[in-house]
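What follows is chain A paired twice: with chain B in the first complex and chain C in the second.
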Partner chain A sequence: MTDVMTKPAAQASATSGQTAGMNMIQALNSGLDVMMERDPRVLTFGEDVGYFGGVFRVSDGLQKKYGLTRCFDAPIAEGGLAAAAIGMGVYGLRPVLEIQFADYIYPAYDQLVSEAAKIRYRSGGEFTVPIVVRSPYGGGIFGGQTHSQSPESLFTHIAGLKTVIPSNPYDAKGLLIAAIEDDDPVVIFEPKRIYNGPFDGHHERAVTPWTGHPLAEVPTGHYTVPLGKARIAREGSDCTILAYGTMVWVAIAAAEDTGIDAEVIDLRSLVPVDIETIEASVKKTGRCVIAHEAPRTSGFGAELSALVQERCFYHLEAPIERVTGWDTPYPHAHEWDYFPGPARVGEALKRAMTGGR
Partner chain B sequence: MKNTVSLSLHVPAPKCRPGDAADFSSVTLEEAGAAPRPEPNVPAKDTHELAYRLIRVLDDQGQAQGPWNPRLDIDTLKRGLKAMILTRVFDERMYRAQRQGKTSFYMKCTGEEAIACAQAMVLSREDMCFPTYRQQGLLITRGYPLAMMMNQIYSNAADPIKGRQLPIMYSSKEFGFFTISGNLGTQYPQAVGWAMASAYKGDDKIAAAWIGDGATAEGDFHNALTFAAVYRAPVILNLVNNQWAISSFMGIAGGEETTFAAKGIAYGLPTLRVDGNDFLAVHAATQWAYERARSNLGATLIEFYTYRAAQHSTSDDPARYRPADEWEHWPLGDPIKRLALHLTALGHWSEAEHAEAEKEAIEQVKAAAKESEAIGTLGQSTPSTKEMFEDVFKEPDWRLREQRQEVGV
Partner chain C sequence: MARAAKAPAKKAAPSKTAAKSVPGKASKDELLGYYRQMLLIRRFEERAGQLYGMGLIGGFCHLYIGQEAVAVGMQSVAKKGDEIITAYRDHGHMLAAGMDPKEVMAELTGRAGGSSKGKGGSMHMFSIEAGFFGGHGIVGAQVSLGTGLAFANRYRGNDNVAYVYFGDGAANQGQVYESFNMAELWRLPAVYLIENNQYAMGTSVERSSATVELFHRGASFGIKGEQVDGMDVLAVRAAGLRATEHARAGKGPYILEMKTYRYRGHSMSDPAKYRTKEEVDEVKKTRDPIDHVKGLMAEAGVSEDAIKKIDEEIKAIVLEAVDFAQKSPEPDPSELYTDVYLEA
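Our next item is the complex of A and B:
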């Protein structure tokens, strides 16, 4: 057992300096690969994750490379999956579990909320749960209510859980590695709509792949994107847009479409959130629009809005705007009426610029 | 302390993968007619042997054998066969429609038609079915309008559920068909609750629920069995073991060392294990459980052993994880061919009649498609956008009213 439990030899970060063009799926796959290669404590499992390599192919080839016991299929029991991962984490492994769609994470909720999030605290730091839960989330794929939801705020509300959402291949891999190396449970919601290309909400236009995109040029070796650090996705001076996941690209499109020089902050981590970057940007622009796909009521936007109000109130020139999914279940036929696309973000930007509704 | 053998992690793997020859040599099938048939009112434990056997009626020559032979009349047999043919034709047409971009998604039940089609003929319309996405045969057998199914699949303006759900997630109270959930397993224990309510009311109705082999791993499956046993709920708990859950073989769901039917034993439920490709066996076993439930003796768990001949869904490619021709080697064959052979052996069916039935089914589906596509396929025609905000609650609150205004509908 000792070999499995040995921690990886200290290796220099960003090992080789080599990069390759990757979409988000390939980048996540590479992140798993790098970590499984260097750390025998890392293993991954989930529904269809093993032989098949996952329904989105994130674990493609890993069973072949690392064997049946390090990348394997799991029974369709999300609660069991989460519980098994917790047990492994407590033992000292670093399991990465895949919940096939975020819409199916609810059976795992009790294990994640009552257990993973609280074991360190309730044991006085004696037991810890260094697990990663990966799950594709979000809309824009005509998946109806069971393949489109954005449940992040159900997790950000939980003390003891970290929640991360990447918006591009580079961050996806770097955040995944940081999450695996983190000693606490981390939930990564992966915006599946942008797995293959940076969708900006203009569904009427042709899809663009990641090919050639600067953020799709990904180091092949080990590197991390630290948890808790936002990225300025577009610099601007007129208004701050706080976004994550697919909505980062929608926000950029809205800025371009309206000609309003918005500063788009890609949060990357929701918990812990990078309050310094948010505060600096809003104090600079004096205006703030928050965009997410999830329904409005008690969405993460509510938390962001409160934070901005508490910390930047005297710098605000206009009420904070929220652009979100509606307070309805996710529809099928009305996908594009539901999805908060660039037109709606653009309207909010205009309202923020003129200071009212 | 040192173990005599060092521990190692067991991960089940199927016998064959792409490139391998299909191998069902480990499947031992008993002779049609061999399994005993206890009376439907026996104590649960008297059925437990059947959890490890396989109730079969049709033999390889198409003859009906043994105590489970339901002795259906020729008209009923023909109705069943035609319903299965229609279901398969419908599936093929809608699968193609998805490929042609007319909708976002589709799921076939190829090879499993006997289950829903025979069961629809046993259950009464007043009973409530809690199906999975692979029981379209229930609606088709009951004569639900095919064009209406297509309207749902196309999410068009005439979609009875108003464009809210993914294709194939039908709902029809009138046809005793509960709204399908995309979340696996959730409806299984709900069916038990429905049955408990019927018992509470002193009603005559029973419930029926379906679950796949894969989804039996969910806690909801076990909740259903517990509640069904504890409250002796009048419900038929159907378990469709088609051996695959997307790319995972049934061993991953816990089917490596035991049968799925056997899971019912520990809960004290009567359990039957049935050849799911044998229309007569499906009919007879369902009838048995139906009589039992209606005699106030509670629930039965029935495993139907079958094979998922098609892709999991239009998003799947099974050639990536199992031998492409595996179904052709599946020893329990094709339910349509087997019932046709039976009718032929009885002297009431011929190749010509079969061809005619297929032609009729194709015409029927074509006519329905014409009707539905005249309204529109996905995106060409949609229910009014205001439907997006309806039915969240009985009465929308201020948030929904405001949001609807923002959309301008």
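Our next item is the complex of A and C:
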């Protein structure tokens, strides 16, 4: 390795134009690979990340390719790992830390909130923390209370952190690269239920893989999906559904199931949030349903609801609906009663269409 | 509960209850007892693995196969009232502590008859009666929780000991060292049991730990540690007795590093590509804890018939548990919302 402080080679930025079919894991792997290739400051580490290639295989092959100093195993010590990543970032590296499951991010929370989020501010802009923390999150895998949680609102609440949630392979890679290139700390929550296919909440149906899906056709080279730009996942005119992660697919299924022509907005990035796209859609449809897996109370839906109300109040034809996980721990039994599937989103859609009357 | 926590109490009443037995030697009856318990764990776990394969158990499930001598050996030195706390690889500990195999299996299948009414699953079971303070899914958390249990013992003025189990991987969590410090500072009756099965998921101890002799980990706090052959139930018992006497006598915490091995993958979805089949086979062939007890029984002149009888008995117990776990109803969906707060 030459001077690790060297900026990425500019000539590598042109993408080859080639694409390949990838699931979300492969897309994330490719994103790491592209960035490690281009930028010697980028490294990745975490529990089982090196030799084993990550429990979900996101770092598969990277240790072989880039060596032990750039892709390595870490002890089980989330607090220390996050803090070490912050230190690396402050001194010019671009670490990508994997927290094996979002349910294990809490020991790291102090470091991310007290240090990562605030170092730029308290140093008057002299120091930055250009790190990425990636973590699989969400339910639908029978993980029970310690492998299913959706803690995004704990992070969106913290000024100084950015929070990103992809819903498909193309966005996953593009957002990851944008996050690595971003000069501020970014937390990426990856909906592990859709790593291998766009699960829409119809758990009784056979699983569809990403194979052949247009969003699984991913450029093999460098590209970004900018942070703070939402995507219209389904155009519609009756009602706006705001969703992210797995719930994007659930929302689309609910629209198809009910025949209500919903416009589904995939937020992609929660902070910064693309309020313009949201506002334009709600003003167009006059109705809004918000869906997330996380519990309802103080969930990110509460923030979205407030934003929509502030900006679109006079355009709303009905109260804003929230479809969320229950205000309980994530259960072991009865997962599908907890998970806000297409039936529940569909009911909210119907209520939104009639104003609850 | 009247006694205030006067920290640090450097002296405490000597133990009245610690059992005395000759370490390294066991009677026929003792051996039969250990064999019985270890076999129960193994057969139970094998069945759990099968039920998982059949889709009757969902989610995460971590088998204790290979490590049986640790839980069973330690249980033989515990007394009623002592607390046990461990991580998610908890079925063996629960069975050793005397929990009903039926309610453990039914929790695995997520049924109303399960020990946590189907709400906890494989990793989260509890029993006041057995002194079992959980199965915990968050790696390392139980070490600090167990330290609190030990504190409560001292505060209540009893002579109970908290047995706090954790893995080689968990031994790198910061809160373990926060706990060690508190435990020695406050002279808490905790026995810390590091079940060093050499892997934390796909990562071997060498790849995650600066020093691999984990029993030294309390040295800077002044906590005594010992390395123990965790595949030898009598070695476990002997070391367990020393540690227990120390803790019970009010001399503070003690660390035992149990060198052991897990035969199966980390959880049911682990292809175990990080170690060779030869490595696993070698341990099974040369260090199996159940074979070891079988050898001791043969030396002690236990008859084949006596062993067969136990085998049959265990088979029946496990089958009964499986049957119960399949027939027990699912919890009522309304259970989703209970036990979050105290119901008014």
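By our rule, the second predicted complex is superposed on the first by the 350 of 357 C-alpha atoms of A that agree within 3 Å, B and C clash if a C-alpha of one lies under 4 Å from a C-alpha of the other, contacts with A are read in each partner's own complex, and residues count from 1 in each chain.
The working rule: a residue touches a chain if its C-beta (ideal position, glycine included) is under 8 Å from a C-beta of that chain, and two chains touch if they have at least 3 such contacts.
No experiment lies behind these values; they were computed from the predicted model shown.
Superposition of the two structures on chain A shows chain C clashing with chain B. Shared-chain residue A:Phe313: touches no atom of chain B or chain C. In the superposed model, A:Tyr121 makes contact with neither chain B nor chain C.
Contacts of A:Thr69 after superposition on the shared chain: chain B is touched, whereas chain C is not.
With both structures placed on the common chain, the touch criterion links A:Tyr91 to neither chain B nor chain C.
In the superposition on chain A, A:His332 makes contact with both chain B and chain C.
In the superposition on chain A, A:Gly143 contacts both chain B and chain C. Contacts of A:Thr297 after superposition on the shared chain: chain B is touched, whereas chain C is not. Shared contact residues on chain A (touching chain B in one structure, chain C in the other): 47-48, 50-52, 55, 73-77, 79-80, 103-104, 106-107, 142-147, 326-329, 331-334, 337-338.
Taken in their complex, chain C has these residues touching chain A: 58-60, 88, 110-111, 116, 118-121, 123-124, 137-140, 169-170, 172-175, 200-203, 207-209, 273-274, 330-331, 333, 335-337, 340. If you check the complex, the residues on chain A that touch chain C are 47-48, 50-52, 55, 73-77, 79-80, 103-104, 106-107, 141-147, 326-329, 331-334, 337-338.
Chain contact summary for the complex, chain B toward chain A: residues 8-9, 11, 13, 17, 104-105, 155-156, 159, 162-167, 169, 181-185, 214-215, 217-220, 245-248, 252-254, 315, 320-321, 378, 382-383, 385, 387-389, 392, 399-400, 403, 407.
Residues 47-48, 50-52, 55, 68-69, 72-80, 103-104, 106-107, 142-147, 296-297, 326-329, 331-334, 337-338 of chain A are the ones touching chain B in the complex.
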